[in-house]
Amino acid sequence: MNLDFEKNMPEIEAKIAELTKQKTTDPNAKVEDQLTDLQKQLESLKKEVYSSLTPWQTVQVARHPNRPLLRDYIAGICGEFIELHGDRYFGDDQGIIGGFATIEDRHVMIIGHQKGKTLEENVKTNFGMATPDGYRKALRLMKLAEKFKIPIVSFIDTPGAYPGADAEARGQAEAIARNLTEMSQIEVPIIVIVTGEGGSGGALGIGVGDVILMLSNSVYSVISPEGCASILWRDGSKAPEAAEALKVTADSLSKLGIIDEIIPEPLGGAHRDYEGTLRVVKQALLKHLNILRRVSERKLVERRFEKYCRIGRFKRR
Amino acid sequence: MGWFRKKEKPPEVVVAKEDLWTICPSCKAHVYKDEWDKNFCVCPQCNFHDKITFQERLDILIDPGTFREINEEVTTADPLEFKDDKGSYAEKAESTKAKTNMKEAVVTGRGKIHGIRVVISVMDFRFLGGSLASGTGEKILLASEYALRHAYPYIVVSASGGARMHEGIISLMQMAKTCAGIARLKKGGIPYISILTDPTTGGVSASFATMGDINIAEPKALIGFAGRRVIEETIKQKLPDDFQTAEYVLEHGFIDQIVNRKEMKNFLYKVLRYWKAK
Amino acid sequence: MNLDFEKNMPEIEAKIAELTKQKTTDPNAKVEDQLTDLQKQLESLKKEVYSSLTPWQTVQVARHPNRPLLRDYIAGICGEFIELHGDRYFGDDQGIIGGFATIEDRHVMIIGHQKGKTLEENVKTNFGMATPDGYRKALRLMKLAEKFKIPIVSFIDTPGAYPGADAEARGQAEAIARNLTEMSQIEVPIIVIVTGEGGSGGALGIGVGDVILMLSNSVYSVISPEGCASILWRDGSKAPEAAEALKVTADSLSKLGIIDEIIPEPLGGAHRDYEGTLRVVKQALLKHLNILRRVSERKLVERRFEKYCRIGRFKRR
Amino acid sequence: MGWFRKKEKPPEVVVAKEDLWTICPSCKAHVYKDEWDKNFCVCPQCNFHDKITFQERLDILIDPGTFREINEEVTTADPLEFKDDKGSYAEKAESTKAKTNMKEAVVTGRGKIHGIRVVISVMDFRFLGGSLASGTGEKILLASEYALRHAYPYIVVSASGGARMHEGIISLMQMAKTCAGIARLKKGGIPYISILTDPTTGGVSASFATMGDINIAEPKALIGFAGRRVIEETIKQKLPDDFQTAEYVLEHGFIDQIVNRKEMKNFLYKVLRYWKAK
């Protein structure tokens, strides 16, 4: 998928790839100068485009189909991943997955939304839109982490909770509410990281934690810009204005004090540089795992409660 | 409670014809406004329970003269400086406040139900659709903390379309904030009763409203997470009429009982007597 | 339904009813002597039949369609009943019902199997065979009772858990196991009373308690006599032998130390005398409620554990 | 573990033809008995995991030389003096004991898994269908109590058709008894891992076997509550082939993972390392 605001970036990248390949097959090919030139062009273009993304453009990047997904992060960050299945009530939603994992020498429980890259994967995962079964599986695994006394890392990347008739019938609202309620009292550290789309209640349903991180091009919103535009402006095409007004970017949310840290993606976005992205995510997780391991169980829950108590801007008069 | 809605109606000599009738939003029956109001805004034809104001709700549920509001001074700020085509959130909030004489979409306080002390939060749909935002969340949390401190049962009457977009992510976070309060009630052994009225959807259904030790709904109330239109677009099918009604949600296991408005106070009283009963 | 071993009891009862009616309409009718005679006959027949029921006959009585059902007990025993619905996961099974109730001045949580008397009721309640939703509803209500600090009274009357494909899919086994596990730790008194059929795991699923009562003509078994016969004798018609061998009657179970008390039904069985049956059940419940209210929460759970620890007959050699 | 099943087979000169082959109960493939046994009784064609003895299971899972049996002297009584057409329970139990060299349908003890201390109970289907009765329940409970006292993880490998009819209601009550032990592990924060093998049904599936913090199944194991025939009679329909298989139960949310027999020990080791990991 090409994003129009990326201008001729894809073409330059294609050309670079071609020349690099040419160099490999024919070591005598005189392409060095051209390559250097193209790489400079690309760097300056990345800088130009990515240092001034509009909120709506950031939404596009956050949704980019080539962006790393949870299983990419797990493969790149975790030495080991033992997937655990099932909610013990109804099913094994693929829109939220989870299991035991190691990050360097740390043992954690990873949970998170899983989108797909192919149509087949997206059918299986509901495009990362979880059902009540997914939220209940996540809660079960968090309780398991609590029993095993290991920290929880929650990866958020969803357009929202699945708006299906069966999901309503099985209590989508209750499942999310239950998680919000229980997560506030879980007696192990919870690190939340928004890696792509933080879509409303479907994101928050596994998003209550001690520290909330966001990748620099991820977004987090109470409603999709399109949804907001069609309700407030009665015009879905006003999504860019809505994205602006809703303050959905990591930058805005950091300024509002909603999130604790922004993890800077490599220039050009996570979809251009998996390795660089995985590296910074891993560093950030290890940093916060080490900070939180020093906090007692009681303090953890107390502080988490206070953290959420503080969220809100109102007047008294 | 025959005086219901009476006090708000000064006697008039000339009454426009359309003012004489209320049309039931559910069955479209024409009902005399007087009859409608005396019937607690419940349709005598189909038993649809229409929206009522927080004051009416308190009059129905709380012993006369016992209600004491808490945190009444909490009111909206405008953290995002939100504007849409029709104006700014700040302006909209101000005109809503003037019209409703409320400062936020929920009124909280303590009071008695047939002598039993309770803490109660009542949402009012007139205030920006009963939407959940900073002030709403703060008041609901503070009320639950008040209940916890005093060991009084906590009751929330929900009526809300969901989170208030105009405060963006901050509104979303009120779901977590209010639920954190509910979790402390659960841990502290304090009863929490949720009453779901028409409508209770979106971020409110997905937070405190469905977390009651006992969840009670009014007949035919719309209760659900996602909007009907969004779901129909997703599943490419028309949904049955009863989808997301209180009756439907009861059948699917999320509501303890559907209770008529007139019987609600007695029902609460009866249920509350079981807490630590001898 | 006529039970053949009841001989001409139904005819005598019909005749008595007819004469009684005749007496009401015509006070001068000379039926006194005949009535007295018939009543004597009935009494001695009841005594003859009901003082020496075989186990298989007891099974018939325990299953008698006119036997009082849970809603009859509630109507007759409870001053108030506030039914509470739903498992908070999937549905509101009608095969197990429950709610707040008063017995005299005592506030309790009642749960129990509900059979039907009409075909329509039996379709609705699955003939008292509960689904996983029913067991989960029961557990939810027991947890509510624990929070409210009121005792639980559990009425058992089921042929067994519902053996349906959907029940298996939603985890019939898990739902029952969960209840057994959680009930052992519930910190309020649990009184269990078998009023009719105690059918295997479907009965035990709401049957863990501090005191286990049985009506004198009720049965409680690891498997239905028919099922046992067809497995061990490969012949379902050997059910009477199986009923004998399995020791399913209140008497046998009392001797084995599995149950704590037998509540004697009025002569002729509960299906003949609702009032008398309700009275003895109510008395028994009040008695045990009063005994158990004096036990601390900790002691209660400790003793319940010890109670189940003791169940079993084995050798060490 | 190449010596698997070897020691039980004294060398023979003349072998009857039918003894050379094992027919897979699942796919009916003919497999050399030697190959079958070396492959841990797993069908090389369809990966069906056949029943194995408690000793084989312990050999697979527990570090050599580390297993210490506990409560090995617990054995059957005959509380109901149960008789059927083919004889008495007492006789049947005695002949089973002689044949299997076991005293009950489960063997319990402590041991190590790659150095990690655990308590383990292994059911053996050869002993009256791995049925749950007084002795079985007692041993499983005592093992869980042992685990609780020493703070060792508890592992149960189930293989059972359900409760043992011959001890009547006393067998049924073992479901409650064993679950009471599991509840104490949960409360005490001790990991409990359940391994469900072919078959795990009836009273065993409806008690400790489904209560693991982590439930693991072997491929294609039959796992369910009611019997297939009973269900087909109830719903008046043929059930699909995969009904009540491990794979089906996983899909319905009750199993954490399906693990091959050969990988089971490593899987347990890996999982157990997460408990209180630094």
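In this document, chain identifiers A, B, C and D correspond to the written order of the chains, with residue numbering beginning at 1 in each.
Here, contacts are C-beta pairs under 8 Å (C-beta built on N, C-alpha and C of every residue); 3 or more make two chains touch, one makes a residue touch a chain.
Keep in mind that what you see is a predicted model, and the values were worked out from it rather than measured.
Between the chain pairs B-C and A-B, more C-beta pairs are in contact across A-B.
Spacing of chain B relative to chain D, judged by their CA centroids, is 53 angstrom. In terms of their C-alpha centroids, the spacing between chain A and chain D amounts to 42 Å. Here the CA centre of chain A is 34 Å from the CA centre of chain B. Residue positions of chain B touching 2 or more other chains: 186, 252-254. Among all residues of chain C, those that touch two or more other chains are 88-90, 170-171, 174. Interface note: chains touch in the pairs A-B, A-C, A-D, B-C, C-D. The touching residues of chain A, when paired with chain D in their complex, are 80, 82-92, 100, 105-107, 133, 137, 144, 147-150. Those residues of chain C whose C-beta lies close enough to touch chain D in the complex are 161-165, 167-174, 176-178, 180-185, 200-201, 204-205, 207-208, 220-223, 228, 231-233, 245-248, 253, 256, 258, 304-305, 308-309, 311-317. Across the interface of their complex, chain A is touched by residues 88-90, 136, 170-171, 174 of chain C. Chain D contributes residues 73-77, 79-80, 82-85, 104, 134-135, 137-138, 141, 163, 165, 167-177, 179-180, 182-184, 186-187, 202-203, 205-211, 223-227, 230-231, 234-235, 237, 239, 243-244, 252-254 to its touches with chain C in the complex. In the complex of the two chains, the chain B residues touching chain C come out as 186, 189, 191, 213-214, 250-257, 267, 270-271, 273-278.
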